[in-house]
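Sharing a structure here in structure tokens format.
Chain IDs A, B, C, D, E and F follow the sequence of writing; residue 1 opens each chain.
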Amino acid sequence: MATVKLWTDEEVSANPRVKAIFDDIRATRKTDFVNNFWRALANQPELLQRTWASIKEVMIEPGALDPLTKELIYIAVSTTNSCSYCIHSHTAAARSKGLSDQQHAEFLAVIGMAAETNALANALQIPVDPEFVVD
Amino acid sequence: MATVKLWTDEEVSANPRVKAIFDDIRATRKTDFVNNFWRALANQPELLQRTWASIKEVMIEPGALDPLTKELIYIAVSTTNSCSYCIHSHTAAARSKGLSDQQHAEFLAVIGMAAETNALANALQIPVDPEFVVD
Amino acid sequence: MATVKLWTDEEVSANPRVKAIFDDIRATRKTDFVNNFWRALANQPELLQRTWASIKEVMIEPGALDPLTKELIYIAVSTTNSCSYCIHSHTAAARSKGLSDQQHAEFLAVIGMAAETNALANALQIPVDPEFVVD
Amino acid sequence: MATVKLWTDEEVSANPRVKAIFDDIRATRKTDFVNNFWRALANQPELLQRTWASIKEVMIEPGALDPLTKELIYIAVSTTNSCSYCIHSHTAAARSKGLSDQQHAEFLAVIGMAAETNALANALQIPVDPEFVVD
Amino acid sequence: MATVKLWTDEEVSANPRVKAIFDDIRATRKTDFVNNFWRALANQPELLQRTWASIKEVMIEPGALDPLTKELIYIAVSTTNSCSYCIHSHTAAARSKGLSDQQHAEFLAVIGMAAETNALANALQIPVDPEFVVD
Amino acid sequence: MATVKLWTDEEVSANPRVKAIFDDIRATRKTDFVNNFWRALANQPELLQRTWASIKEVMIEPGALDPLTKELIYIAVSTTNSCSYCIHSHTAAARSKGLSDQQHAEFLAVIGMAAETNALANALQIPVDPEFVVD
């Protein structure tokens, strides 16, 4: 159902710029599997390169937030944006990073409560308490 | 700018049902400060009661996700829903639970990347890889 | 804070096309008050004309849904879209059409539940039951 | 395409806590059919219990808004959130509660107008008229 | 998966009001192909008529923005709203109006950057610079 | 109302990394004015650097889409995401790049129509025509 062609491994191999990025995806993630997101972006090599560089820096390199927390934040945004592809791929990623059933249940409870109270606060147009503002 | 009246402490004190909930909010959070969200919901005592009971269970009682992680997930949803009140109140809550500047910076990077790749995946209507589906 | 000029009554009076639409707004609504939405659209007379014609047909002319129900549906969409202006103006309109406090409380409960279960259903990517599909 | 397992009746029967909730769903709705939403939530018994209790209180128990109006408000939120599952299930629910073709047509017209004017009001950043604010 | 029936050409031919609109769609677009959007709206002849009249005026009649630019703006909104149908149909329309691969790549980069910076600006609740406000 | 501190020119000057980026923003845009978005991001120098680099590449460097078209696409996304800051700043940017009143009026008409038909297509869950799918 894509609006663009998904590149096969053969097509990737025939394009040195795209092949170098796919090689780095495989080496960084230590798996031969490259998911459709990258096969779709292969049509736009510059966007592919910039997006992969950012994802690698933001989601994979070690930092102050652990990898599982980052995945949960990612799924929270993707769920609110109704991005079916992103919800599927990052829920799988969260599982591979150790998401337990209990954690998933609590995650779902939090995004549900957030969505509900967002609706209430927006409908009531509640003014921000001065205590919450940074001068 | 609210679409409903915000209840003062005097008005709260005059309504036993609302007062009992405000007392529990103050006792649970160990502070006398009650923010505008609850002062707006006071107009709907049933909704106030159910919402506070859920927030207490989901956001405050100990579980498999730590309190700061829950706040970040909450802000991620609220940002995507453009809920100004919720972003302000839960960013303040995250700070009070120890959010460091470095963690905030990484959080912002993650929600930015998620929003960007959501737009790309949606615009390209990328089909979900079979590897990501739970049978 | 508008991104365009808001037309004063003097400016409206100087433009026959815009004036005719403002006259119809006032006559149809039986009030001299014309809210900022129309004063902003006055910059684009064609859009003003088409939007007012549609609003009049959809929201004001009698039909199978009563006027208050239409306002609640309108606010539900506006809240989910975080349109502050629309939430304010249509909550006021709903009140002028008889919205009671109890109805407002139930409305808030429904939009809250919908937002919460939308988040859950999206996060779980639940497949549609065949019973819900129209052949 | 779910990100979690959907529970079969056999699996439900083997879990007393989940079974009790499914029994109540069937008894309350007076039908043996239990849709996939609840079969997905069965993985998180606490969330299942809290969500069903809220849905029952908000959507099923009699109140100041009639059941069909509540369904229309629900679909309005679900459409704006692009929740495919929720749109399907609640459009079916609205039909079972008597939604006529003419009412559906008017409902569609209202959500269309709301979405359009939300876009206009947001793009123009129209300031809220003082007349619409509750002090 | 529709929530309404999609009208076949036979059903269209049997309804003079709907047939007249379908005839105009075919004549205006110079093709016999009528896509499912109009076959679904055929259930609501008034909405069909008003929507087609607006689409024709806004998207087809010549103006100050060229047709391809209008399609890109349309897809940008549809992507952000996660409207799968609209993304597919208007990406096809943009291609038929000359969208090049390089333009598509740049379009994707722009909507990605916009979504990312929207998330950042919302999460940071940045106040609008006075320089950007129209008095 | 920001959730972070906005950096003054004095604070920027005291931080060489941030100062270098602000210098580049001023040189690239040929103006001394630096808007609040960058003053907020200054708290996160890495994010500031990566975001400015991307904005410069995507929005400023010449390509296959002209600068005004990119701004309109940007505003379309920002409006749909209800990002008040982004709508203000990019409407001002579009004006500085030559947006005429007639173009603005047509832009508003297009995003209004897109939002309206998104709501209709989502509510009707219209299946994608095979003609629109890329194999």
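Here, contacts are C-beta pairs under 8 Å (C-beta built on N, C-alpha and C of every residue); 3 or more make two chains touch, one makes a residue touch a chain.
These figures come from a predicted structure and were not determined experimentally.
Peer 1: Spelling it out: a chain qualifies if it touches chain D and also touches chain F; which chains qualify?
Peer 2: A, B, C, E
Peer 1: Taking CA centroids for every chain, report which one is farthest away from chain D.
Peer 2: Between chain D and the rest, the longest centre separation is with F.
Peer 1: Can you check how far apart chain C and chain E are, centre to centre, with Cα atoms defining each centre and the answer in Å?
Peer 2: 21
Peer 1: Measure off the straight-line distance from the CA centroid of chain A to the CA centroid of chain E, and report it in whole Å.
Peer 2: Those two chain centres are 27 Å apart.
Peer 1: Among the residues of chain A, pick out those that touch two or more other chains and give their numbers.
Peer 2: In chain A, the residues touching two or more other chains are 1-4, 47, 50-51, 54, 57, 77, 79-84, 87-88, 91-92, 105, 107-109, 111-120, 122-125, 128, 132-133.
Peer 1: How is the touch graph of the chains shaped: line, ring, star, complete or other?
Peer 2: Looks like everything touches everything, fully connected.
Peer 1: In the complex of these two chains, what residues of chain E are touching chain C?
Peer 2: Its residues touching chain C are 1-5, 50, 54, 57, 128, 133-135.
Peer 1: What does chain C use to touch chain D in their complex?
Peer 2: 1-4, 6, 33, 35-37, 40-41, 47, 51, 54-55, 57-59, 63-65, 69-70, 72-74, 76-81, 83-86, 88-89, 91-92, 100, 102-103, 105-107, 109-118, 120-129, 131-133
Peer 1: In the complex of these two chains, what residues of chain C are touching chain F?
Peer 2: 1, 3-4, 43-44, 46-47, 50-51, 77, 81-83
Peer 1: Which residues of chain E touch chain A once you look at their complex with the stated criterion?
Peer 2: My answer: residues 82, 84, 87-88, 91-92, 101, 104-105, 108-109, 112, 119.
Peer 1: Along chain D, where are the residues that touch chain F in the complex?
Peer 2: Counting only chain D, the residues touching chain F are 75, 79-80, 82, 84, 87-88, 91, 107-108, 111-120, 122-125.
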